[in-house]
Amino acid sequence: MTPALATVLDALAHPFSQGLMQRALLEVLLLAAVGGTLGCWIVLGGLSYGAESLAHGMFPGLVLAALAGVPLLLGGAAGILVAALAVALAGRVRGIGRDDAVAVAVTTLFGLGALLALSPATPVGIQGLLFGDVLGTTSADLLAGAALVAVVLLAMWLAHQRLLAAGFDRSGARALGISPFAVDALLLTLLALAVLVAVQGLGNLLVVAVLVAPAAAARLVTRRLAPMMALAVALGAVAGIGGLYLSYYARIAAGASIAGLLVAGYLLARLAAVTSQVRKGSATAAG
Amino acid sequence: MLEPFQLPFVQRALVELLLLALLAGTLGCWIVLRGLAFPVHGAAAAAFPGLVLADGLGFAAPLGGFGAALLFALAVGRLATRGREGNDTLTALVLVAALALGIVLASDVFHSAASVESLLFGSLLAIGAGDVRLAAAAALIALAASWLLGTRWLASGFDPAAARSLGVRSPLPDACLLVLVALGAVAVLSAVGALLATALLVVPAATTRLLSSRIAGWGLATVALAAAEGIAGLWLAVKLNAPPGATLAVVSGIVFALVAATRTLAPEAAT
Amino acid sequence: MTADRAGGGEDARVAAGRRTCARVGGSDSTGPARQALLTAEKLAVGYEKAAPVLNDVTFALEPGERIAVLGPNGGGKTTLFRALLGELRPAHGTLALAGRCASVPQTERSRLDFPVSALDVALMGTIPGRPWWRRPSRADRVAARAALARVGLADRAERTYGELSGGQRQRVLIARALVQEARVLLLDEPFSGLDATSAARLEALLAELAGEGRGVLIATHDLEQARRWDRVLCVNGRQIAFGEPATALTHDVLAATYGGAIVTLPGEDPGAPHHAIMPPHHHHHDHAPPR
């Protein structure tokens, strides 16, 4: 082993000698697992906007939990329930577009969270709630996260055929005895659980990155579901680990680094897809 | 009861809000009509890193904000429906990247983390003369553009495909709308911050939309409503010592909910 | 007579008929579910509490028959199919089914960009009746492949659905219906957008499937095609006519069915004018019930 290689390997391994970073690494891998798999259903089902709305709308729940000294998971769960209810109600409002009504609901909830967080004299660490605190992952967080991720993965595996059929042909699925409404409800529930897991590490504002970016990038590359999920998980893991390295060596906020790398990966994939289309277009035009 | 409004900084905030109410009434209605709520949110959030950069490097904040917001609006705010899911994904992710970049710049590069909250949620009670001038300019430009380009915006929004086939589809009016959206997003930043721009630019217009169906009446009603909500929110914020931008967001949201509920439960009452 | 040919004995079909008589609304069912695959008697169907959008439908589908369902968009064809699939309960009248109905929708209704192979789509036919926690079994996969082979797509099983041609996609959807072991196939304008070769192949396939004892209901706008089949059923809010094409497709019937969209073209025989229907707009409603 050459000294140079040894140095590189040492640099790669060194950050993870601390328990703090080890836990962060596990958290990041959990997020990659759930984000890459469930993310495919989110992207295929056009739920990016819904994911964004739920993530932002849950903010008051997080703030209340922080104010009350209660575990974030509980506050987050309550926050997501309220957000889901608000979004559902907003969708029923007649007279304006569904997306606009949802935007109103989300803005109001988000404003409420800010109101609660910024008013009292005791600061509530709002930046941690907004941008995440992946380096503050505790063992309890990991256990809870692993449990939730396991539930989500299991549910997806069991419901795979139905998710596929309903996504492929909604009305045809009804003819097969599948209730599209039930499938929607399942996806939203799983989405909520995934957001709960990810919000601790990435924060309220950045969480949608891990749920959408890897799957959206993978979708540009492959047209089959299993490779899509595998690639998405891999992309999520690479971005996550890379973000941790950035935070360690460049002293940049970890959550933001991870989110930044996730989006960068997506933008690269999109650029590659566009250029290959352009090349294909000019090839067929010439040929 | 009216003591809050005797304070000079509150008075300045009031002027700002009234000017922004004009913006909410004109631009806001177009945003709601053309389904631009998400791009507006994105443009405002995209301004965040621009503001941090301006703050850190010492150039005028609105420039930084506008530059970023404009980039965002033009790159992502394609009004032609070219795969809506693709657009949504791109908007959401670029938004995230902008926020991530902003927080990294603020906490790790320029060490200005303390100002992050005011950039994200506004600092209405610290409004300066420059902010008021920007709001006035934006309102004026919005009014003028609306008068000039309103009919085209309406046509493109109503049936883009037909507009294209009729040969009417010049991209210029829609591009102007996007530039205006970026400008509006930046104008409201000092009042409500990068994350609550829709509280001013979307919520009041959406609320009045539930009640009126004509464009002209809708605009005027929105201006009035936005002004009323601004005054009420400001008063509450001073009284409760709460962040004014967030208070405004909650107030306008509650009004929307009440109007929506009334409309659903008593459709005849809401004409 | 037809008992043995249809596979599964008389008892199974009677039992199935009794089971599916749960779909009957209004007055109780009558006997003749024994021979016919499905029987409708003064059937009226509507959405939720609204007035029925389809009234007075009386017809029977025998094994081996192909019935063309003619009617304008919004005239009730889709409503009828949904009632046959069990999605809508009859408001009045009776509907008796001796076997499963399976739907073969238009290919545009499915997502062409979805990451599914032809085999995945065929496999979806195994979902009904399987508990949600159970994965497709080996037998399910075998059945799906067999169905794809039956429609002539055995070698395309692994191809992505969106990459197949229009005619091939239609056949994959038929395979999905075959996997459900349906006795009745409901096809919604399967020939739209197909070139002559694909259309001919599809027609041949449908003739074979009918010949094996199934019944086929085809919603179509193609009058000439409808004339080649066993019976026609004309609906426009209500049943206008049912019978053999030669007798049922009079000018009056067509006028009542399609209103002003009938075009009379000069034919070779001046005594037999050539009717055609103006091409309709292709709407992609979800046919959701009006709120």
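Here the chain labels run A, B and C in written order, and each chain numbers its own residues starting at 1.
Note that contacts are C-beta pairs under 8 Å (C-beta built on N, C-alpha and C of every residue); 3 or more make two chains touch, one makes a residue touch a chain.
As the structure is a prediction and not an experimental result, all values here were calculated from the model.
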*Find the chain most remote from chain A, comparing centres computed as mean CA coordinates.*
C
*Among all chains, which one's averaged Cα position is nearest the averaged Cα position of every protein chain shown?*
A
_Rounded Å distance, chain A centre to chain C centre (Cα mean)_ = 42
*Where the CA atoms of chain B average out and where those of chain C average out, how many Å apart are those spots?*
52
_CA centroid of chain A to CA centroid of chain B, Å_ = 26
*Which chain C residues qualify as touching chain A in the complex?*
85, 87, 102-103, 105, 109-111, 114-117, 120-121, 123-125, 127-129, 132-133, 135-136, 160-162, 173, 180, 286-287
*Could you please specify the touching residues of chain A with respect to chain B in the complex?*
43, 46, 48-49, 51-52, 92-97, 99-101, 103-105, 107-112, 114-115, 118-119, 126-127, 130-131, 205-206, 208-209, 212-213, 216, 251-253, 255-257, 259-260, 262-264, 266-267, 270
*Of all residues in chain A, which touch chain C in the complex?*
44, 158-162, 164-165, 167-178, 219, 222-225, 228
*Of all residues in chain B, those that touch chain A in their complex*: 32, 35, 37-38, 41, 84-85, 88-90, 92-94, 96-97, 99-101, 103-104, 107-108, 113, 116-117, 120-121, 195-196, 198-199, 202-203, 206-207, 209-210, 240-243, 245-250, 252-254, 256-257, 260, 263-264
